[in-house]
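Below, each structure is written out as structure tokens.
Note that subunit A is present in both complexes that follow, paired respectively with subunit B and with subunit C.
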Partner chain A sequence: MATATVVEEKRSTDKTALITGSEAIAVACKLADVDVITAYPIRPYDTVMQYICKLVANGEMDCEYIVAEGEHSQFEIVKHACACGARVFCGSSGVGWMYAMEALTVTPALRIPMVAMVGNRALDDPGAFGVEHNDALAVRDLGWQLVWVDSAQEALDTALIAYRVSEDRRIFLPCAISCDGAFLTHSQALVQIPSQEKVNEFLPRYNRADLLLHPDNPITVAPQGNEDWVMEIRRQNYAAMERVSVVLKEAYADFERIFGRSYGNPFFEEYMTDDADIVLMGMGTLSTPVRVAIRQMRNGGKKVGFVRMRWFRPFAAAELAKSLSRFKAVGVIDRDYSFGSPYMSGVVTTEVRTAMYSAPGPKIPVLGFIAGLGGREVTVPDVETVAASVYKAAEGKSQPLTQWIGLRE
Partner chain B sequence: MGRLFAIEVIYRGIFQKTLATRLTRSIVLAAHEDGKLGISFGRYGDSPERNGIPAKGFAIVADDAQTLEEGMAKYEPKEVDVTIVVDDTLCKGVESWAWYGLQPVNKLLKPGGTLIVTSREQPEALLQMAHRKETPYNLAILKGTVSFSGLWVYKDDHTDVRILGAVAKLLPGLFSLKSVQKVIVDQWNDKVKAESAARAYERIETVPVKPGTGNPEVPYHFNFPKWHEMGDGIAIPCIPAGGAVEDPTTHASGGWRPERNPTFKKYTTRTMRPVVNFDTCIKCTLCWLQCPDSCFDVTPEGLYDANMQACCGCGVCEAVCPVKECVTMVNETEFEDNSSQWEAWRKDEKGYEAWLADKIKSHPERSHGFRYRGQYEEQVPAALEVAGDK
Partner chain C sequence: MATYIQIDPTQKLDPFKSVKKLPLEEYFTSGHRTCQGCESALLMKMMAKAAGPRSIILGSTGCMYVANTTYYSTAWVVPWMHTQLGSSGSAALGTSAALKVLMRKGKMKNEPINVIAFCGDGGGADMGVGAISATLTHAEYNSLILMYDNESYANTDIQLSGSTPWGANTTFSSPGSVKRIMHRRWKKNMAGMMAAGHPECRYVATICMSYGLHGMNAMRKALAIGGPTFIHSLDPCPKGWDYDPYLSHEMGELAINTGVWPLYEVEDRVLRLTGRTEQIAAGKIRRQPVRDYLLKQGRFAHFTNDDIDYFQSKIDEMWQKWLIPGVIPFFKDVEADPPPSK
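Up next is the complex of A and B:
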């Protein structure tokens, strides 16, 4: 009797899942085969630790999962594990992130390629759960790479890219992926989950090489140093951060080649800018109402564009300034505050102005808008209010340099 | 631009969270089977949820990505095609613990939209509770008792799939019965559940609700202060201590009524409320002492009157009362207002007696999910009967 030979084709196709931004990052951790994870609950970050917990409990993921007694220990534990050659993940939100601050400051100096997720949350008080970007921005000067994403898909993809870039021997710096509380961490969207084969091709194993803390490689990390040593150490971090741009571009190009999904310019994303008179800027999920408002305004003949900052550290100043110089005025929507800063503007506005100041070409107005604090909805009419003011500035009319939008006043 | 669908699920916090999440997720997945895109989310302001406090989940579905983005550009939908209410006492409205005031249950329904309620009541009873709406809508009652299937361990009573089957019938453009059955089998590998969805699809019926029908009460609301009207330093005034209670007949003053939060009422938090037989009360103080919400006002003669601004309906007073049938928990659907029982009793003792007897007779039993072990199992036969699945 003839028997048919069944050839089982080893298929590795992408799958679609309905998951939150937090769950997407948890899936990225699984695909990246992370070795050590520390957790300590705080909303909205806790959704990622819960989902990783579930993956471990279901036998889908194999890692050391340590629940620390607070955020400081949480970040210290992964710092040490990472020095010993483990791929690590952790994260926090709001004041939890701030409680870990001492651990967060030493991590870049020791060149620890830790990947963390910040579920952006307003700093206490008044103990609100909604999104504000001041938590993650608090480490902006310390050597952390900082990236903001605006969809669950981008969260998953960016986590894989973050491991690839951070663990590159040219870099060895930590990276925090910021996900807006609620809008991203608690909203389920359809996400393409790539196959393990593709991830393996994209992401090499973490190799700590000469910096491996191991008896076979006898080194001491972070001895006490005096004033003869500090500046040179800082200059090393400066150099590493300077190298990120190149490594990041390589990683995004490779990501596109392997996964077939393109993010264009890694640093910032432009929307309807080709013929725009003015542009708005911002980070994270406020992109959704902004894009909708722009389509509506364009129906009324107003040529408005949008530039969404993705990587805040490193800040692609020259590239951004070159792009923005095409427009008559810029309006930056900050989901953060910086009390007492130049012109009392938000953090992103001040950085954009700095980038623009040293760029060649005519100086264009950069207006700052503070909106959406504590998770306040940024509405389509809010965006139209912002655009109207930026248009006036473009026409040479005087406008306040900082305006609060969506405030009860 | 393609078509945009929005569906909300109104449920009891914690107890029905799993049920609500199953519904919103399955709606998106079933629509995706039919080539649509979507997102599902819970109202962030409702979380972390409190036991029994009204909460909302949403599913937004669209034909294409750009239309979906239009739907996502709001914190939550401003209007919905279907509102699913998984506890009929929520027809009284939705007051989230996040201080939004009281939202009528039908507030977000588009003209011609459908309100689906799981209930064993008749339409008239539900429309007496739901606030008046100026546009027409449809009411569909999915026969069944309240499902507390999300409480810690999921008790699978098929409420989820029966609602999904009903949605396939009532909003046919969203997803087909076939697609939702596929999603049910994919998720839970249970053909009986898929069959339950089909039965609900066949049986669900709607009644039209004319404009202006419903509870005429103006829903409780308050205005948020402006930034310069608020006190500095996140300091807020305390709630004043309170004062004596006045007898409506003799005008004698005495006892104690604590002042209560002027911006947060618990009118819609309850699924049951205590009714008190003042004639049998022995003034032992236990209900007043043990109430976790300090809901009892002390009357001039030393009786205890459950104040409906503060009562969560937990049933502790009934449990601790040493007198047989002095405090009885009664299904919230039986009540039309939140007025004082003691005042009613003082004004008309005979009338109150009759009222009390009637309330206790109708539907005193209703599961919180934790009244006593084994209660749920006892109720299964009755639940099946209501659903027509004896």
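Up next is the complex of A and C:
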């Protein structure tokens, strides 16, 4: 077939390398010719900045590489660079991300298309290096696009897509790429590194256009709006976020055309769902044990599927609800907590329930499970426990709406 | 020797010879709603005039943000952008870094553009001191950080900052029937700290808009010299200091003539006392008693004679005992601990 040949040709110019998730994003920054990058140490995200430092030192990348004196400054520096027309990259983890919170609130409000990496990490206290999703989720209401990836390849590809979508004049919103601490940031995998030509074809140069802060365009940015105008300005951000779905689908379609790699539905990925009775849901590297468990359970005759949520903001509520309504019950595994939330469920569970509430058709049970906090491994038996409970709910047996899995007695 | 720091060319900004030689063009004009007698507004106007049209100005939260940039009625003719309260240093650094890299890569027309980030004393001496300090160590990025010091958080109801003078009545240090002096911290020595702590910073100065030409020329020098620079301006504030607005100019003069506010510049690590301060130090004019300054301001109205004497003693100490009067608060000799005899 003609198309297949074309795809084959394009692939042949790619290189394959054994790299970590962090390194994959560093490579994406190089390919995207990022202009200003700010670093500050905190595990586990900071490996990306170590790789970028090497790229700059070896002359493979030309950018201003600035080591800041704290995360607040780290994010403020690139925010201002981006307002002056520079493509920027930043990132953090856990409480570092929270330390930058003021900067994180103004960045989407100012329509700054910053791309950041969050190496997901448990918030203090007590201290833990391991993964939890509460850091990135803390900005979910502010206008950040939030995406969770589960492989180094997806990290690289998504970083390129993030620049393309964020810097689209219809959007101009920041994007945080979440990579599970250790499981992805520090785990090596074979990654296809696309050629510079393909990246240039996919990713146009950042153009700040009418919002450029420059003497040739003497605008006043971020004045006092107060009750006179703040509501209208918020509504513009609302409209921009609403447009992301369309722009995102365009970007994924172009990505497939140029790079020859398809991600199917950009918002969520389905695994063995075609004939499934029940499905499990989750974000990030949780997919690894869940897929293994599903294959094992299917050997035992249990038709379990998995839906991995990729884009959390914007949340593809209608599409997701339509897809999930095919099953008898859903079990959502949260690697986060939301104390005092409805039914004490995790963040993702609550959002999935919200999406399902307005879906047409019969209501199906949506059970919430909290697992893998602080970097604890989610094991295959853990997933089997989850699936057993979801099966019971599917059979009409009453089940708790929120369960903690893998908790020591 | 190898060159490690690549400083981009700056604009040629010669000193203005006299008030009559100032350009007529204004880059901070109508549309703001600062108080009558606001010296910070005067500083903004003169700063924009000193910098000229090829400038980008960043303003951190404070009076000069809230009062100057009501949506649809900005006073700024040059590009202006808000930055967060503690972010003047980061705003200067990020803006300057973007210009540098975009020009180097040919993504933007290559020309020297002034980058000025201003902050109040709350944003500068309190919350933003870390970011300002960091920026002053990044020697390859041209910018001026201008701290307008009206000695309180004047936009949020006059609360004390680390730059508020000892004993002043603010809404966070209002005197009561038992405790008269609620603010017992001495004013932070911001310019001296920036000059002493950042060996690569090529220009630090103190100014006061009662001596406008002096202040404007300091700002032009700071912008032209290259690298990150810092200027600390004392701005009398009728609302926060509680005096009649027509006295603003006189209040600035008194601050300098009483020795409370020393004027100096540190240019390429060379210190010079400037203006009236230089004359005081040379013995050409006498320091006025601080009483003349304090009693004109309602914020010191609760002072007793003892309080005034204490204030005077601290100013005298600054002039007589500091290693460099008004600049570095190390004492010349270690008192009560004489060097060991041979």
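Criterion: the second predicted complex is superposed on the first by the 397 of 409 C-alpha atoms of A that agree within 3 Å, B and C clash if a C-alpha of one lies under 4 Å from a C-alpha of the other, contacts with A are read in each partner's own complex, and residues count from 1 in each chain.
Definition applied: contacts are C-beta pairs under 8 Å (C-beta built on N, C-alpha and C of every residue); 3 or more make two chains touch, one makes a residue touch a chain.
None of the values given here were measured: they were computed from a predicted structure.
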| item | value |
| --- | --- |
| Subunit A as common anchor, with subunit B and subunit C clashing or fitting | fit |
| Superposed model, subunit A: greater residue contact from subunit B or subunit C | C |
| Partner chain in contact with A:P126 - subunit B first, subunit C second, else both or neither | first |
| Touched partner set for A:A239, first subunit B, second subunit C, both or neither | neither |
| First (subunit B), second (subunit C), both or neither touched by A:A388 | neither |
| Arrangement angle, subunit B at one end, subunit C at the other, subunit A at the vertex (C-alpha, nearest 10°) | 90 |
| Subunit B versus subunit C as contact partner of A:A57, first or second or both or neither | neither |
| Superposed arrangement (fit on chain A Cα atoms) - minimum subunit B/subunit C Cα distance in Å | 24 |
| Of all residues in subunit A, those that touch subunit B in their complex | 16, 18, 43, 125-126, 129-130, 181-182, 186-190, 288-289, 291-293, 295, 375, 377, 379-380, 407-409 |
| Contacting residues of subunit A [partner subunit C, same complex] | 33, 35-36, 62-64, 66, 68-70, 72-73, 76-86, 102-103, 106, 205, 213-215, 217-226, 228-229 |
| For the subunit B and subunit A complex, residues of the former touching the latter | 24-25, 28-29, 32, 37-42, 44, 47-48, 66, 69-70, 72-75, 224-228, 234 |
| Subunit C residues within the subunit A interface of the complex | 53-56, 58, 65-66, 69-72, 74, 76-84, 86-87, 89-91, 93-95, 97-102, 104-105, 107-108, 113, 130-131, 133-134, 138 |
